[in-house]
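We just call them A, B, C and D in the order they show up, numbering each chain from 1.
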């Protein structure tokens, strides 16, 4: 009885939790079949998401990176950013549509320019790591190295090279190269299998999170484990 | 009309029955009270050892960009890591790169720090939300007071006691990235050279991160809620990871069984239709 | 205070001037022939990229900075501002489409109305909330704002978001049963690996290995002497297999993928930077 | 372990310069009319085979660019769809191209009309065969699934960028017994495609496929340049591994190859070697 009283939407907090549960059931109803209830909440979702974005992603960004530096740091050249950025909106114009491409071009250019540091920081340490895997007990061994490490280094090198060979296109794959490439594709499948296993776990965890919400917050069952 | 064989019917089972089986399986597993000790995978062990090696008073940055969408994966990680940091009496600051992530991590951190006697502003701080991660990381690498200005409560950074002797990210020992999205690339690319990274991704992103673990670009990794469970066992505590683990592992078992069943049914049906 | 007001007026004048200039330029731009248009777009693209590239490539001084390092922050901020404006573009497109649906009473226009109402209400509170955080226009966080925002955001939007994400679990399960068939060597390798990883990474894998009596710990002797029977049995434990797959087999695959993607991204960046990509510009 | 500037190890600048040069020189060669070679990838044979099987059945073929926004990938996906359309036009097999993006939709209409013209069957082009279903992920997915089931498609081609909705397409195609070929650069979705489709074109192969079909000089040149970069990576890895094995993992040459701050030790070592 106590449970029932607590369970019912009798306070603001409980009403909120009930609405959350309602949203959850509405979306899950599509698993049974497409229905107006689902569609109602789906459209509400899109509207809410679009509306929410305006606060943090438009107003906040304009304030922080445009208005504040102009006002407090006096960086006057920034005033041009918004008026010229607004050229984007010409995309809907027949006659001046191309003007929006100037702004898109600036964005594309900037992201291309940023690619160089990203390339260096992200890929070069990986390159360096790939070639510091000794294939036999090296002369400057620091720390213990076991036969199993050497074995794994060989495997690492073979897999890395064969998958890279698979992704080459400018020469005919035949003979040994072809066999290496086929091997590469099979190794690729192992990597994808590992990704698959982890993806399944992630999706299940998210579903479990929802069920946990329904059980814990809505039905107020204390969920166990351990 | 020919009667359909049991194999054929099995293969054409209504998907709603499958959905129901999965849902029942998860509810049952969440209610179950069995616990199986895990094997601790090396990335989790290295994660633990890296934090264990910190000295009291060291600075750690927690980059927390998750919100309720991936709560089941990231909240257990976040809680376990914070508890470990506080157990080591380490100073930490939190920063988020998505607004809802700021609210949820601030609320959670306030609740968790109470139990450890941590005082906001003195032992820890929340830097709020930064819309652009490149600006934030690059800026903080030079000067945090300049880049962040004020914490989530609008207290100027320079006045925070926790920031005593700390000028930039170069004075930090570690960054822990708790995330459901690609924030790691930016931490890897723009952090100061000596800042170490520990990584708490959702499981989807875990497989891809092994190349960074191998290259040392990240030092340790906790994989989703499952990793949080392993971490909780290392710490000897019961948290959300421990609550979720049964549901996770029994859903895995269910899927494996059903993949095998599906293939078996197909095999049998082919055999019967051939004969 | 007086000083602050003057500064505000000056800032507003600057902005007004910038808008006037931007508008005045439009007819001028309109006179450009198609070739000139392409040249202008390519030029802007190139200059924008050049700034960020030069910041990376130019030599640095003692303080690890070059002349472009300080403006970098502001340039990156401007990039964010433009990206934010493009968000407005998407929102405008969405609202326009559904407004048209609702006004012309197209089929299912009721749902468009739901979307528009949700949008307007949420936009109102979201913008108010952001401004209140900054203390803009003297706005404050009132109880109405707090309650409405909690309801709309924490208990509606976030719940819908999380549920949408979790729907995929059902689809995965159904797809695993109905579509994942042993149809080729590749699919078989993938499925077999996936199953080993799925069972090996959870405690169940350990339980299974323990219950068939595989050794639970690797001793120092086993490490130095890998061909010992105990060591071989130890490495056949499901958690060990899953770990090995992920760290030794999966890591080089991911690295090969990374190299391919990285080189491809760099090549694409160069093509886009120099406006070489056909069909895009 | 990170690069703030190229000065952290000038090798970064040298490597980037080399890759840029390899790409640009090959694009230039291709534009000058040089016939650059790109191998025919097995995925293309799989596409042809799927086309053959669908024409025997006479049921429609679906083409799905996923949620791909207009950009490089969309253009390349449409190149492949155009190729498929040209093939099936000869047998008058009906087709459906279903998009989730308004710009892609507009460009696709043009491309498909072109394809029928080029195949000499403009009469077969039905504007209704290219459709914009919805820009919302799951609304789009359920629209596609419904259409595939109603029309019992014979073949299903998925090219472009995909997210979680990939599963729904692949599963539905499987249920109706369609031959399915997928090609995507979204690695997270590849496992689902491999498990449920007859053939999957993975990562860079996607770009290679469209370069092969379109013979576009920029794409061909870039592919060849990227190959040179990959070969140089592979040879650095093999060579570096050998140096690591015989001379130690901290040898200056090894440090030069990608380690931040690896430039200085290399220069010192080099001047020592030259001085001797």
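Throughout what follows, a residue touches a chain if its C-beta (ideal position, glycine included) is under 8 Å from a C-beta of that chain, and two chains touch if they have at least 3 such contacts.
Keep in mind the model is a prediction, meaning the values are calculated, not measured.
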Problem - Far-end chain from subunit B, centres as C-alpha averages - result: D
Completion exercise
argmin over chains of |mean CA - global mean CA| returns A
Exercise for the section: Per the contact rule at the top, check every chain pair and give me the one with the most C-beta pairs in contact. Expected result: A-C
Completion exercise
Rounded to the nearest Å, the gap between Cα centres of subunit C and subunit D is 20
Exercise for the section: Can you check how far apart subunit A and subunit B are, centre to centre, with Cα atoms defining each centre and the answer in Å? Expected result: 13
Exercise for the section: Measure off the straight-line distance from the CA centroid of subunit B to the CA centroid of subunit D, and report it in whole Å. Expected result: 31
Completion exercise
Here the gap between subunit A and subunit C, centre to centre from mean Cα coordinates and rounded to Å, is 5
Handout entry: subunit C: positions in contact with at least two other chains
Key = 56-57, 77, 80, 153-154, 159, 161-162, 164-165, 167-170, 172, 174, 176, 178, 180, 186-187, 190-191, 194-195, 198, 201-202, 246, 250-252, 254-255, 257-260, 266, 270, 272
Practice task
Give the residues of subunit A that touch two or more other chains, as numbers and ranges in rising order.
Solution key: 30-31, 46, 55-57, 60-61, 64-65, 114, 116-117, 119-122, 125-128, 130, 156-157, 160, 164, 167, 188-189, 191-201, 203-204, 206-207, 209-210
Problem - Residues of subunit B touching at least two other chains - result: 19, 22, 69-71, 131-132, 134-135, 188-190, 204, 207-208, 210-211, 214-217, 223, 226, 245, 248, 251-252, 255
Fill in the blank from the handout: Per the touch rule above, subunit B residues touching subunit A in the complex are 16, 19, 22-23, 26-27, 30-33, 35, 69-73, 99, 129, 131-132, 134-135, 185, 188-190, 202-204, 206-208, 210-212, 214-217, 223-226, 238, 242-248, 251-252, 255
Completion exercise
The answer for subunit D against subunit A in the complex is residues 1-6, 8-9, 11-12, 15-16, 36-39, 41, 136, 138-139, 142, 187-188, 190-192, 194-195, 202-205, 208, 211, 223-224, 227-228, 230-231, 233-234, 236-250, 254-255, 257-260, 262
Completion exercise
In their shared complex, subunit D is touched by residues of subunit C numbered 55-60, 64, 66, 93, 164, 167-168, 171-172, 174-175, 178-180, 183, 186-187, 190-191, 194, 257, 259-261, 263-264, 266-268, 270-272, 274, 276-280
Fill in the blank from the handout: Note: in the complex, subunit A contacts subunit B through residues 31-32, 55-57, 60-61, 64-65, 114, 117-118, 121-122, 125-126, 128-130, 156, 191, 194-195, 197-212, 215, 221, 223-226
Handout entry: Contacting residues of subunit B [partner subunit C, same complex]
Key = 11, 13, 15, 18-19, 22, 36-39, 41-42, 67-71, 100, 131-132, 134-135, 138-139, 207-211, 213-215, 223, 226, 229, 245, 248-256, 258-259, 261-263, 266
